[in-house]
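Dumping the structure here so I can ask a few things about it.
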């Protein structure tokens, strides 16, 4: 199953025209400034807004097609939607809200059970409450659970975590990150928060002024520091592809081979040899001429590919870790321009990049590797 | 002017009982999990919810007092409120929304002019639109502008940035950070986002289950890694107090003396000798035995105060930078437990902490120093 | 039941007809009181009434044209007098019956600006039609016509006089006698208007019980009650 | 109260209750068609529904008499094929009350429907609900307080209906003489003021009871939904 | 149409317009008191406002006659002190229409007020507005479509009012003979059907025009507010 959204939607004076392929596995993040048209696209896919023209299809089966006049009702599309504003049913208690979609889903469809979702989102104490007795964050958790229990063919989320507090957000992020492996369905995830993109996204679509401004595997797009103004300087970073070398169970650490070099990261649940993905923010990476003894235990040798000095005092330096400098083997570092001069950083120059193990977010990526290579 | 909120508010079965002093300058952040009662307290202060008992006063003049029966109308309180959900007036265009409070404020009161606010929040192209023609983010910007133009005696904000995209958020953060210096009024700022707290807050009040769980100068509270579970592990950090040593104009950098040591940070607009505040996240700080040559140009010597190993693989290490280990001279580092062992980190041990210049957020702190020392 | 009879009768006959039925022991008789026109239309549309007592002739004619009358059963039942009434509760005396008396009283009342004479709407309420005719005969229509307060039934007209809103009203003598708050100050000369007659008739579908009640209406017992109420022979 | 008066009271209750119960679903359908649909002739339907509000009740009664009388096109058809006749019967009194109450109920129901956030229905539809299911399981229960208030309004209006009823079905005690008609009859008799007052008091009490009941249950339902 | 009929039409328009204009502010105050306030006697006021809905119009007319007649407590007072009298006058026709329209208007206005998000008023109050200011500058304009629809409802009901009017002020051509009274008059005459039809058509057209106008402006206002 793969979700295609290729539509033109009118909205006020302006409109949104975009083609988004949401691959069958993994999460596709839809990002862009407020007003860019993210929610509009999502609603068009869900069947809540009728596009002027275009096509929406899942796994080849058409949900909407302006040409042939096909226009499935939202209920028949079976796309789970989590709205920005929750939209819980005020007259039903939390349990009944959760079960609303579950009762209407085909019994044969796969999806998590009530207990599972309740445990995961910490909803047990809320089950008998009504929406007006919930705080904003509690409400959003229920909305998320409700969509998941509807056994959707694809999941469309519109800033589902926007109103959660950080610890709860971390918790939910963990659950969301695990979703693709469990559910095996296309997930479109609208967000403003780069940490969510970093953590969750396999593909990223950047929307600007109602058009797709950039798109591609998260690996490439998030590493593209030239998109800085759109995604925010401090959130930009790199995604490294590697494979598990060793599990250091005692330390709750995992070592990963990236471009032939060893990286230590907080434990990633994957067997040795499994493919993993590491995200490192550029601002967390320091540069030095040689390997040093520090708690910044990750020190990777590489060659400078380019130096971008756009806005003082910052300089973005891209290193190729392996000989080819393939995607997944390139690392950005955000340093001061003074450091660039002090260390004589220049293209072609060999350099050591250091970052702390705690600065890395790692996740198993085995399932998605083929997908990504085929879709990029 | 200083805002006192010392109330007990009933809310459903539960309630919120808290005393918050919002000092006359600077921003007081009110944080806590969703449902903790943050919005409830804010509404009680604004006069929109009637506390069961207690007192609300600004600069000694009572706004609410259960004992004496005083209960000023919200309009007479002149507290600017920015709501989570915007609450723009749908029948007025953006300009009229902005001017709503301005027209009702005493002409003599101080406050920013329309043009200023419009320019700052990028509202010029929106002025003739109606709220329903705005995206969520645009709406919130207008709400913020509207409150500012009402010339309030104190500002109460309920997650005003929750729906903004990162670049715009950064922009607004900049404006908000500048507010205290411009407006000289108490600001209570409810948020879930630790980066906002880091960037803006002078004082922090942590609410849990309707009570104040912790409170104090941001300097101390944010450095208290033991509050990790409440504020989120990765956001926790330290706030260092120092004074400007030198402006490196060419590099857009500033060097700051902290506990007799030199720290380089992205430019802070302050004259040499001025007091400044530096925020460094614990996860950005690496530990080593000695000074090394790296782009991590900040390397501060210190002595280990304590090591907290609560949750593998993480260890939190607190260093005293100066001999006294006074607040503002203590630095947290978040490293792996393996590094703690590898580097033999232990209390009393001298250690070098390194972090990159780009990892530091600095801000002038001159105005607030007395306030903080008097209020803590 | 077999003795069920539905009688459609002009609203102004409410009291007397109920008294007659009660006194005669006709427990199966049910009345539907409304204005004659309403009732006539309903009968035309097939209402299952068995007796119709109309306050004027044209509506009885209409029912006849619709073929609802039992042939030969239409008879004038009672007659009435047109009275000039004023607020008050004096004991009934013998009021003047001359044109002069009526004219004088009316002119006096009309002399007060804004004062109105309450009666039925000449357009459709029988008492109003008789009033219009009588005023015409007396040469008062031009003066009084525009000053009428046209009520939609006699009781409403009477209410205006009872409440002192109108100094004078033109109603039937029977209505005036029934009210304790008005007095008859004059009677219109009987020849100043067409004779006031209430025709009654059996309708198609009338059964034996209807026939019995119909006969009773013309009997002596009923006659005594009618006389007491102020009705005259037709 | 006399037995006839009690009969009128009982009849009024029956007529009003039946008319309300029958009109509510019709009002719901009409309100839906008017609130949601966009189709030609909508303005005409809306106008037709509102006619009883604009015209004197007597005219409505007369129109009903012409249409549903035995000689009337609808009346004849109904009589011949279904053996149902409206004129001068309980059924007719119900019809008159229903027609007169309809515009009020449609209006109330429509406002209740429009007050429910359409976003909730959208959410339900993304969860697999059909339009009808979403309407029935989300909008309808949320509009319940408004529907209830519409029903009470209709009930009250039915209780007070006079002109259309007397014109359409006449004033036959026990069959069509509802409270208002009994009040009218009492007012027509010279010494009927006491009876009229008694009946008016009765009407008022009844209406107050209905309103109080409505308010009580409205408050319960609203509290239950978390509305203020 | 005959001059008398034209007169009735014109008078009806005047009565309905005047009654609506006078009732709207009263309805607004009552709706506010009922929607927002919590005070003893509220239920009684609510009941009183709703009485015209529940009682036959004739009874209301009779009650008005008792209250506002020259002998009535209010009527005497008004007549003696202000020289104002109601019976048989245009003023009385307006009063009757207003009283009959009041419950409908209060209901519509109340629903319109309750549909406006109270949070907006809260926001206005934090911006320095008094309760009254916030109401007038935020809630009132947002409730405008509802108020408008309430006003049209009241106008329509006034146009159709018959029973209370004829009982209270009788049928004085040019003063109190509104369209419904003229229609009734024509309808009750054996040969008045043509005239009645003409007048009914006239009423219907008038009401349709009012409804259309209301819908048009409702749509404009709603579009302007971004409501669907």
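We just call them A, B, C, D and E in the order they show up, numbering each chain from 1.
Note that in this section a residue touches a chain if its C-beta (ideal position, glycine included) is under 8 Å from a C-beta of that chain, and two chains touch if they have at least 3 such contacts.
Molecules present, by chain and UniProt name: A, B = ABC type ATPase; D, E = Molybdenum transport system permease.
What you are looking at is a predicted structure, and each value in this text was computed from that prediction instead of being measured.
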Chains contacting each of chain D and chain E, listed by label: C
Greatest separation from chain D - chain, by CA centre: B
Contact pairs, highest-scoring chain pair: A-B
Distance from chain E to chain A - Cα centre to Cα centre, in angstrom: 60
Rounded Å distance between chain A and chain C, as computed from the means of their C-alpha atoms: 91
Per-residue overlap in chain E, given as positions that touch at least 2 other chains: 62, 184, 187
Where chain C touches two or more other chains, by residue: 38
In chain A, residues with contacts to at least two other chains: 133
In contact (per the touch rule at the top): chain pairs: A-B, A-D, B-E, C-D, C-E, D-E
Residue ranges of chain A in contact with chain D within the complex: 46-48, 73-75, 77-81, 83, 85, 87, 89-91, 100-101, 104-105, 130-133, 146-147, 150
Chain B-touching residues of chain E, taken from the complex the two chains share: 117, 119-120, 122-131, 133-134, 137-138, 141-142, 144, 224-227
Contact footprint of chain C on chain E as seen in their complex: 62, 65-66, 69-72, 87-88, 166-167, 170-173, 184-190, 192
Residue ranges of chain B touching chain A (in the complex, touch as defined): 12, 32-35, 39, 84, 133-138, 159, 162-170, 192-194, 229-233, 235, 248, 251-253, 264, 266-267, 283-284, 286-290, 292-297, 312-314, 333-339, 342-343, 354, 356-359
Complex interface listing, chain D residues touching chain E: 43, 46-47, 50-51, 53-59, 62, 104, 107-108, 111, 115, 118, 146, 153, 156-157, 159-163, 180, 183-184, 187, 196, 200, 203-204, 206-208, 211-212, 215, 228
